[in-house]
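Each structure below appears as structure tokens.
Shared between the two complexes below is chain A, which has chain B as its partner in the first and chain C in the second.
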Partner chain A sequence: MKKQILILLIVSVFLTGCWNRRELNELAITMAIGIDKVDDEYLVSAQVVVPSEVSMNAGKGAAPVTLIQEKGKTVYEAIRKMTKSSPRKIYPGHLRTLIVGESLAEEGIGDALDLISRDWEVRSDFYVAVAKDSTAIEILNVQTTLEIIPANRIFNTLKVSEENWAATVGVTLDELMVDLLSDGKEAVLTGIMVTGNKEIGSSKENVATITPSAIIKFDDLAVFKDDKLVGYLTEDESRAYNDIIDHVKSTVGTVSCPEGGTIDIEVLSNKSKLKGKIKNGRPEVDINVQIEGNIGAIECSLNINKPDSIKTLEKLYEKEVENTINHSITSVQEKYETDIFGFGNAIHRSNPKEWKTLKKQWDEHFAKMTANVKVDVKILKTGTVNNSITEKWKD
Partner chain B sequence: MGFFYKKKKEQLKSTTPPQSQTKESNDKQTLKTKLQDNIKIVKDTLGNSSDIIIREIQIGKGGVLKAGIMYTDGLSDTNSIQDFILESLMLDIKDAELKVELTPNPKIIEMIKDFAMTTGEIKEVTKFDQLFLSLLSGDVIFLIDGYSEGLIIGNSRWVERGVTESTTQTVIRGPREAFSENIRINTALIRRKIKDPQLWMETKIIGKRTRTNVAVMYIKGIANDKVVKEVHFRLDRIDIDGILESGYIEELIQDAPRSMFPTVYNSERPDVVAAAILEGRVAILIDGTPFVLTVPALFVQFFQSSEDYYQRSQITSLVRILRFFSFGIALLAPALFIAATTFHHEMLPTSLLISLAAQREGVPFPAFIEALIMEITFEILREASLRMPRAIGSAMSIVGAFVVGTAAVEAGLISAAMVIVVSLTAIANFVSPTYDMSMSVRMLRFIFMGLAASFGLFGVTVGLIALVLHLCSLRSFGIPYMYPLAPFNISAQKDTIIRLSIWKMFTRPDLISQQNIDKQQNPTAAKPVPPKPTE
Partner chain C sequence: MMQNVKISSYQFLVLVFFFTIGTSILVVPSALASYAKQDAWIAAIIGTGIGLLIVWLFTKIGLWFPDRTFVQMNETLFGKWIGTVFSLLFLFMNFIYAALILYHSGTFLTTHIMPNTPMVATNILMGIIMIMGVRLGLETIARSSEIFIVVFFLLFIILVVFIAPKIQIENIQPVFEADMKSIAEGSLTLLVISTVNAVSLLMIFPAFINQPKSARKYFFIGNLVGGLVIVIVTLLCIMVLGADLTSRQEFPSYGLAKMINIGNFVNRVEALMGALWILCLYFKMVLFFYASVYGLAQILNLKDYRPLTYPLGMIAIVLSLAVFPSVVDQHIFDKTISKYFSLTIGIALPLLMVIVYAIRKKRLKKDGQAS
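And then the complex of A and B:
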């Protein structure tokens, strides 16, 4: 009797079927999603991989990805509606990039992001970017080389650039959500743009030439106030932003020599500490930046064989960085009045009691607060040659 | 279902007893006094079989004493019958006054045994069952007219295959010899390795009709007495008409008859069996097969090869880890592949997912069916290549490789990734040094594939939990199957997943022998130390 029951149990288990089994060729693997706003409706576009065109023995010369677009009152509705024009259901589990159109960003991104962050199928480790001066569809409509899936190219470009160039910052969805929800820091997204001929960009022609007609490029950072886009930072300001939030891995910095010309510093380590305090009843922050680097290139007559000149060089670079940071902070304070640096969080950490009263009008406090910047530079090595080679002809 | 079994058993019960009763009545008879009566009974019982040679001779001076010699042609050594039995009886004692001196003497048999027989092994016989067993084992029966006693002269000589190289458990380094079909040669092979007087051998005859010799070998004082007792108990319980291979015995004495896992270890290598005996295990040798059983058998034992102890310990440790790893691959690889590609797409790296998706484009079957097709095709190929004549082998492997590999992929029926997974699984399965364990894995693999196809990784995990629970519940002759992993024993880890140097392993596995567990009396002196340089 026991045995019969056991067999029935085992069999009934298999009767349930394979409840959410989906074969790989039933998935529309979506690598990038773009969200625009057109006439009060969301226009959602999904960049879906065409697997047969991506494989090693690739086939018919069709585009490696296809763009599915659909309008809807909500993002969710639009994505479900996509099945009207696609034989496979959108599978966003491997989403690499989310592009927000500029017009939507100006109106506010909060509502649009809700689905994306709520859905369990979506990972939160993809980058979010704002399409600068264009719509998301235009960005997703460009064929690329090196990475034949454009979304991969966007993802990898941002990743590499973020590690090697101080002015870009990759913001993943979870980081963005934290910024949007936090009282003491406003969100920043990287800007992305298409340059060149957008019409050729979507065709095979774009990848057939050495110089593509249209290229996707990351630009300066987009500044948000609450969930609305308020403007873009300049390159120097982006750099300073990364310096302050301690987000620089490696970069190159340029110092002007006293007697004209420049010296490049290859920054190997760039660490910063942000500390908040209340002084005379007013919030203040201390920013300590510690930079270690090598001399990358000398294009001036500084004699680096003398230990003193290394010291001078360090001083010069310290000044340079300090100025950039100070200038950027004032610029953001004056232009946008939005605390993208997270000074509020620093105050929150150091003076939680005072923060409770400060946070209500934080934007105003932020606009008026002072930041004490201190930069400490250490030059470690001078490279494989001594002075600049052009020195020889100058004498 | 149970209803059918019961009915069958009842039927069996009703038919068997009469047969055995008639046989017993014939066997239990004692020998008759008259030679002719005895010869008649032998002839009647054996149905005048043509390979039974019965030779009547007359011995003593003037041929006063009638005697009979019986043996089975082909099982007995005819030359030595000629040289040592017939010659000594008919020529050497032809002048002896047997009649006069010996007729009243009841010990005539002893006289002949002590004076005339120039052979080694000799026994007296009074009963027919003993007579028949010896006769059909190849011994020579010597009967004298007027006496209800006879002699059994050990003279069996079977055409041997000889001691050949092991084919099922090959090693690079280590003895080449393997057991043979003859139990006597097999016991000798073990004796030759262990010359310990404590190495005991107890012989039984199992099988009502085959009357197969079964020997139980162990070292008294090292082997656990309880295990020895249990082995005897289980062997004595066997009631079967024929034993043709050690597999019969294994099935009849194993602990978990319904389990897929072997709880009895078998080997055809004398060094493996000798090592097992030295560790305190009990070996069961069965006449007619080169496969010797050892008990108790542990799970980890099936991942160990005798070569592990002949190679350097570091390499052995690495290889053993590799074996456990391949066990995992052979068990789970197709299941994990199915689970990942049909349920858990988010677990795969993006580029891998796209590459797999590209391969699956145009494949008409779901991943599970695809895997099943490939696995079954492979199992068919494997089974076919085992049984078919060797000459067709190469043709077979070409067809197999071509059909399973290239053609299926090119025709778009199977994705290339699936071929890789299935081949990897197949190869990983062969890493196992024992055939038994790889068979268990073969079967379990399909169960896991089914679980993966219907429940994804949840199914696989539940399956694994069930598997571990099952393995931990098994026992082999009272020893937990998963020992020394569960119950965990730290000192036994020296020779489980890794192997330490031999000078570090100074104890036997304690649960197996349970007494006298010291291998090396002085552990500190065991480590080889090079002489210190003198000044």
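And then the complex of A and C:
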């Protein structure tokens, strides 16, 4: 027994510590990665936290993050090559956003994403976005307020916006992978852009003023065909997209009153069901949207004290949403011929046999198919007051 | 001949359970999804169902010889020479599979958790506890499994509850899309890994169990509960990750654990869940290794099997490192060779035993009385 304990003790001497330990001060904690394509080479940029600047006992006033850039034939090569200019090795375990440059997105993102999904250190819970009209580096080169680490700001902005505004959608890597792999749904990514003066954006000045010179902003959704960017949706179309894929948590909708002016509806619950079917040998989908909401603001002369006017209002909003959805579907069908709504998956679920033949030329079938949209709106409350204050002057 | 070891029926149940889920929990969802897509869970249910039939065959054979191990059964049925040849094949399978699980645990750890650590290190560590377990004997293995089953279910329930919010029912639709062939292929994979290989348990059942008759029931229950766990894990993989992602993953259930995120607070717990898989791998590996060592000792007529543990253990560790040039070879091996090998030892051999038993029944009974 004593001998065994002795052996264990000796062995434990050799087993102490961790084999490939990496101390915190040896890691370049990367919060965002940007991938661009320049002359057949990948230009990868990594937004790395400068720990001393983000610590509680404030730093020396330098930038909170630094951007490391490197070119390479592959993404992996470029990331490893970064050690040539960085004293620490890139650690992507805390990655929050991956920005894809527009030119790369147009060429196809599949190859670039392979590393990200294969590598063991990378998790898959970060957002992927397309840099609209710009390169990824330009996006990652902006200092931000409220969140000192820009990547965190991008992440949180998208998260909050996704929950409160129907036209944004945050796509994580898993979701993107599922869309890319699926036969019956094409991928969509959110567009991200910088507005304002990009040069000042990267300096401390940008966060020193109340109105920053340059800000990062999410824009409309980018539409993909296979893994290639083919265009962008408008705000209304983005909204319809979210309605169809049942991705709206809460938002505000605007209705035009019969006699001019508008009424805002605060949407509290927005649920939609997508069902596929085959009618006369042709694929069709039924989209059922159920919306519940309150009146948020009245900017017209509608008397909401009458139950009838609530009914009219519901009808009006139903029409409004229906029109947006119908219009968006037609526009995607005509402009891009790419099934971002997942109609193919709906057909697959309802008619697996027919799907087998349909899926071979799905893009063409998609462009021709009909969608029956039904919207059901319920307005429950009118907020804290009843009629609008402007009513007084209107008589 | 060797010392008289007995374990209780309940302990046997736990061992059967761990044996059934063993490697399956880690790799089967991916294999099933690559055959049957979103119908993988149906294949899992069918595989478990047919598994019970095979367990019935095993217990039937076992109870004909209530005090003999599989190696001794072979000798009694086929005579000394032929019996030994069959037994050696059987032991070879057990030994290879013990080494393969060592390989699995090594790749799992080095792919996901410690990529820069050489597999030599992880496999030696795992190999040492495997040898230790077998040296301490079946009773110790059984008792420790009794303790760890609690840990297992605790972790398993945590996994299921935490991943539940991410379930998307649409992912399993359309149901019954896969054709019979791909479902059958899928079920066969699960059947072979979980149940057919359980022929190794005939080294324990019924010889080392204090109440073989009631243990028969527990053999079924252990297999069924284990199968159920696999069905649940497969369903979760399909419903959370989707069929495409599941079949793409090397270790889908680990990918599942990675998805856990409760309010940005409970997340990144996959390493904890890794303990779950390592636990299952360990018990399956120990049972394979125990069967091969103990069986060899019986063939060689040794008084004690322990002297064999060190040399065989060392060979197993080396084998686990050298057995496959790359992971791709392992995939091919799992899909082809190992399937046929297991079916030969786990189905063809027992069936042959049934036939021979039917023919020689009367004489065996007479001899049995005499000896």
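Details
By definition in this document, the second predicted complex is superposed on the first by the 382 of 395 C-alpha atoms of A that agree within 3 Å, B and C clash if a C-alpha of one lies under 4 Å from a C-alpha of the other, contacts with A are read in each partner's own complex, and residues count from 1 in each chain.
Note that contacts are C-beta pairs under 8 Å (C-beta built on N, C-alpha and C of every residue); 3 or more make two chains touch, one makes a residue touch a chain.
This structure is a prediction, so every number in the text was calculated from the model and none was measured.
When the two structures are aligned on the shared chain, A:277 is found in touch with neither chain B nor chain C. More residues of chain A lie in contact with B than with the other chain of the pair chain B and chain C.
By the touch criterion defined above, A:123 lies against chain B and chain C together after alignment on the C-alpha atoms of chain A. Of the two partner chains placed around the shared chain by superposition, chain B is the only one that A:24 touches, whereas chain C remains out of contact. When the shared chain is aligned, chain C comes close enough to touch A:349, but chain B does not. Of the two partner chains placed by the overlay, neither chain B nor chain C lies in contact with A:319. In the superposition on chain A, A:181 makes contact with chain C only, not with chain B.
Residues 20, 123 of chain A touch chain B in one complex and chain C in the other. Chain C makes touch with chain A in their complex at residues 111-112, 114-117, 121, 170, 173-174, 177, 241-242, 244-245, 248, 258-259, 261, 267-268.
Per the touch definition, chain B reaches chain A in the complex via residues 1-2, 341-343, 345-346, 350-351, 353-363, 366-367, 450, 453-456. The part of chain A that touches chain C in the complex is made up of residues 19-20, 120, 123-125, 174, 177-178, 181-182, 345, 348-350, 352.
Within the complex, the chain A residues that touch chain B are 3-4, 13-14, 16-18, 20-25, 27, 29, 31, 49, 51-52, 54-56, 91, 93-94, 96, 121, 123, 149, 152.
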